[in-house]
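Both complexes below contain chain A, partnered by chain B and then by chain C.
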Partner chain A sequence: MNKDTILSVENLVVKFFLRKSTVEAVNGVSFEIQKGERVGLVGETGAGKTTTALSILKLVPNPPGRITDGNIYLNGENLMEKSEKDMRKIRGNDVAMIFQDPMTALNPVLTVGDQIMEVIRLHNDLGKFEAMDKAKEMLELVGIPGERYLDYPHQFSGGMKQRVVIAIALACNPKLLIADEPTSALDVTIQAQVLELINNLRDKMGMSLLLITHDLGVVAETCDKVMIMYAGSIVESGTVDKVYRNIMHPYTSGLFNAIPKLHEESDRLEPIKGMMPDPSDLPEGCAFYERCPNAVDECKTKKPELKMVEEDHAVACFNPIKRGA
Partner chain B sequence: MLKYSIKRLCFMVITLFLTTLLVFALLELVPGDPARIIAGESATEESLAAIREEFNLNDPFFVRFFDYIRNLLHGDLGISWKTRQPIAGAIASRLPLTMIIAFWGVIVGTILGLVAGTVSAVKQYSVFDRVLTFISLFGKSAPSFWIAMLFVLIFSLKLGWLPATGSYGFVYWILPVATIGLQASSGITRMTRSSVLEVIRQDYIRTARAKGQTELVVIIKHALRNAFIPILTQISSSLTEYLGGTVLVESVFAIPGIGNYVLDAVQRQDIPVVLSGIFVICAMCSVVILLTDLAYALIDPRIKATFGFGVKKKKKAAVAKEGGNK
Partner chain C sequence: MAKSKAYKKQELGNSQLKMTWIKLRENKLAVASMFILLLVCLVAIFAPLIAPYDYTAQNYDEMLMFPCLAHPFGTDQFGRDILSRIIWGSRYTLIIGFLTMVVSCIVGTALGVFAAYYPKLDNPIMRFLDIFSSIPDMALLMCLVIILGTSMTNMIIALGIYYVPGYARLARAQVLTLRDEEYVEASRALGASDARILLNHILPNAMAPIIVRFTMSTGGCILESASLSFIGLGIQPPEPEWGLMISQGKSFLSTNWYYSIIPGLCIVLVSYCLNYLGDGLRDALDPRLNY
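Take a look at the complex of A and B:
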């Protein structure tokens, strides 16, 4: 960990303790985000992406969820040792989050101005009117006229609401912005606008970005690094350039194959066969074993560790795809 | 907002009119000769005829009904058949007492219910939650007169802290208010709990937490306000219930409230008193319901929007038009 490391997650384990079973949502995830870096976290629904993100803010719903192991360092300080009071100073200030569904992420009975002002006043020593001006400024920044300060969320469209959510997240100049599928709930045309907005503002303000998505294309456009997550573990990670040029994990390859190709004529998509294993009953060996075309005997009994295979590229697989094969 | 209020006010008048008609018609069906009820069993035919003349009992149904309505509009609630006193005066002397006890009871119930329900929801499945759930279930199912008698037994007879019956000032109201408060709080607790439970799982609560907001503010500012519509409905229905006079509670504490007054009138077949009593209760309930509906719009801007508070919409449409012309 060098001094430019904003966030360092070490061996994070999150479990949800339900009445009948224990769901292992995140199983020993480690990664780092450097200052100004844009990292994509990709995986299918239920892979543990959102749980990983919420862990950074220590907002995993408890009960039933709990971070059972691991450390999270923000600017070198261990968040696991922070009190709830200290965490409140970090949330919204050092680390801000954009949530998946803008339709439900805003409080329907408060004006959007109020909701932006709330975070500003929590972390800055500003009077009401100064905070109001700053909130209007934030609205303008995300492309909403400042006069709409007094409007309620239901008076905005989905894309506009997501802009408001972005304004809330960026209001206190966070060092790390976590965007949890910021465009999944939006129309395709609006998706591009919102992504561009996030990108532009990130460039302007220079914060680091953890972008959670299931869209590999978005990652290619937006991110420097990518991590592929499957059943609570990172199976492949590295710079976008290295990973996309040299896919090594069979799961990553499956994800890429599932993208419809414009230049080939085909009627059907190519899905990855089977389902993700039940996270409350994970297999002993590799979680991808059942669905993996490259599986070998070793995969059934041993869980592969994430290992460096070349510079800036790590894979957790016993039998990775060979280049050119 | 004004347009909506006026519309609701008109509906309220219609409701009151129809209710009065219904009650008037129902009381018409009560068996027995009204003149004989007024004059007593031993009255002669002549005196009965005189009474029929005096109270206009010979007029047809609708003539009497519209006479009654006309008098109501003049603030005249009629004359009691039994006491021959104006009913308005009797109600005016009893109504404040019923209102004091109902309002304070519901205020106490609301405070208790909101606190208990919210804590219950936030600490779901904790020991605290279970105890509160049990108490509120108990409070809901125990009959009010039984709770009232229990209070009298404990606080008046055993401890001697508070007077058991009568109504001569503040201390006399404590036990009735406590009885109603306990009962009202049970329903409000249960409603608050379920409503808050639903809201605290919402995404915007997570957003508020992600801003670094304290848990207390998250609950009060973000959760409770969103959860408040069903709670308000519950509060308002409790209030209307108790404004109608809590006959049982009034009986136990010997409070001369409107509930007792109407009940007495029913027993003595004093029909004008029953009619006017019900009318007054009905009018109060209508006002409470009207205020509740208006409060919904204040709490939730989306409800306000569905009522179409014309001005803003028109302005926006005008702006859009202008934009289109450019």
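Take a look at the complex of A and C:
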């Protein structure tokens, strides 16, 4: 781990202990985020993306969820050893999170100004008026006139609400911003604006970004690095450039095939056959075995490890797709 | 400090209180109710100055007189002036009604909020409160008053205990739906403590039905205290509590209807005003109804 590593997750395992079964939501995920780096975490619904993000803040709902193994280092400090009180200081201050649905992420009975002010005053020793100034500054930063400080969330449109949510998240200059599908609830034109805003602010403030999405296009536009997640494990990771140019995991390839292409005329999209395995009953070998066109015998019994195949590109597969094949 | 002066009134906007007042003003019924309640409060405070007669003064020459100029509300079987008794009685009624509701509302809401927010406390708190709600109301109240001893304070305590489970259930139901809201999760992700989440984010959103219940049950509470007084466990005669007056007048209902009806109308008036005011307040406090 070098000095510029903001976040380092090592072998994270999160399980949900239900009455009837144990759901293995995250199975040994490891990754690092460097200072100022933008990382995309891609995967289908239920792949464990949000659980991974919540683990970083130690907010996995407990019970039933529990981080059963692994370490998370933020600026070299192990979060697993932190008390709840210390975690409260980290949340919002060092690591901030943007949630999926801006419609419900704001408290309907408080003015947006108050809500921005709240996080500022939680983490800084500022007077009311100084915090107010800062809150207005934040609003202007995300492109909302400062006078709207006194408005309530219902007086804003969806895209503006998401801007407010971003303002709240960034109010304390976090080192890492986790954006959990920040654009999924917005329409396409607003999506572009919000992404551009996140991108611009990241450039301005220099924080790192962990962007969770199922939109590969968004990742291509926004991120430096990408991690593809399937059934609680990272199956392929690397720089966006390398991964997109040289897809090696059959699952990643399946995801790309499922995107409609502008330059090809086709009546049907090509879905990945089958369903994701039940996370409470994962197969012994590769989780993608059942659906994989490239499967070999080895896949059924052994779990593939994430291995470097070239510089800045790792794949967890025994029989990856060869270039040109 | 120099900074704070830079903020002009306009920039700060209207305070919550002022905004509420502006919105409440548009609801004529609520404003009228508020003035009537204020009037009742003033009457209670200045009872000794307003009441035309001593409320205990008996006058056997003027027993059971129908309303007339000397006695606008008539007199009772001891010749006591009913108007004076109503005026003095407003003190008891207001104190019992408000104090009981305030106490049970605060205690009940707190218990309900904790029960919903901390799942481990849910069963202990709610099952304990179920004990109280499983006993018929009069039996429970009688037991409590007999155990505590007959006095106004004890009656308020007993009534308070009786109303706690209702508030607790209501608050619990509200918080159960609110605690999984995304803004609660979001503020936790921003480092807010449980206390802050409860006070800033959950309670203000849960208040609307609690306010309504508060105003709706005040009337019931006044009647409940009247029943207690009737069986001799509440306010003791000759104190002029409104509910007590209704039950005393009951036996004269066929001949002297005004004896029971007038205090009854007073209770109805106060309850109605509380309901309308509560209704108006609930709307005025909800920022979603801003325009």
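Criterion: the second predicted complex is superposed on the first by the 325 of 325 C-alpha atoms of A that agree within 3 Å, B and C clash if a C-alpha of one lies under 4 Å from a C-alpha of the other, contacts with A are read in each partner's own complex, and residues count from 1 in each chain.
By our rule, a contact is a pair of C-beta atoms (placed from the backbone, for glycine too) under 8 Å apart; a residue touches a chain by one contact, two chains touch by 3 or more.
All values derive from a computational prediction rather than experimental measurement.
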Chain C versus chain B on the shared chain A, clash or fit after superposition: clash
Partner chain(s) touched by A:E130 [first = chain B, second = chain C, both, neither]: second
Chain touching more of chain A, residue-wise (chain B, chain C): C
Touched partner set for A:A25, first chain B, second chain C, both or neither: neither
Which superposed partner A:L150 touches (first chain B, second chain C, both, neither): second
First (chain B), second (chain C), both or neither touched by A:A316: neither
Doubly contacted chain A residues - partners chain C and chain B: 57, 59, 87-93, 96-97, 99-101, 104-110, 118-119, 122-123, 152, 154-155, 165, 168
Touching residues on chain B, where the partner in the complex is chain A: 202-204, 206-214, 221-222, 225-226, 299-302, 305
Footprint of chain C on chain A - complex, ascending: 57, 59, 87-93, 96-97, 99-101, 104-111, 118-119, 122-123, 127-130, 132-133, 149-150, 152, 154-155, 165, 168-169
Chain C - residues contacting chain A, complex: 3-4, 6-7, 12-13, 181-183, 185-193, 196, 200-201, 204-205, 286-288, 290
Chain B partner contacts - residues on chain A that touch it in the complex: 57, 59, 87-93, 96-97, 99-101, 104-110, 115, 118-119, 122-123, 152, 154-155, 165, 168
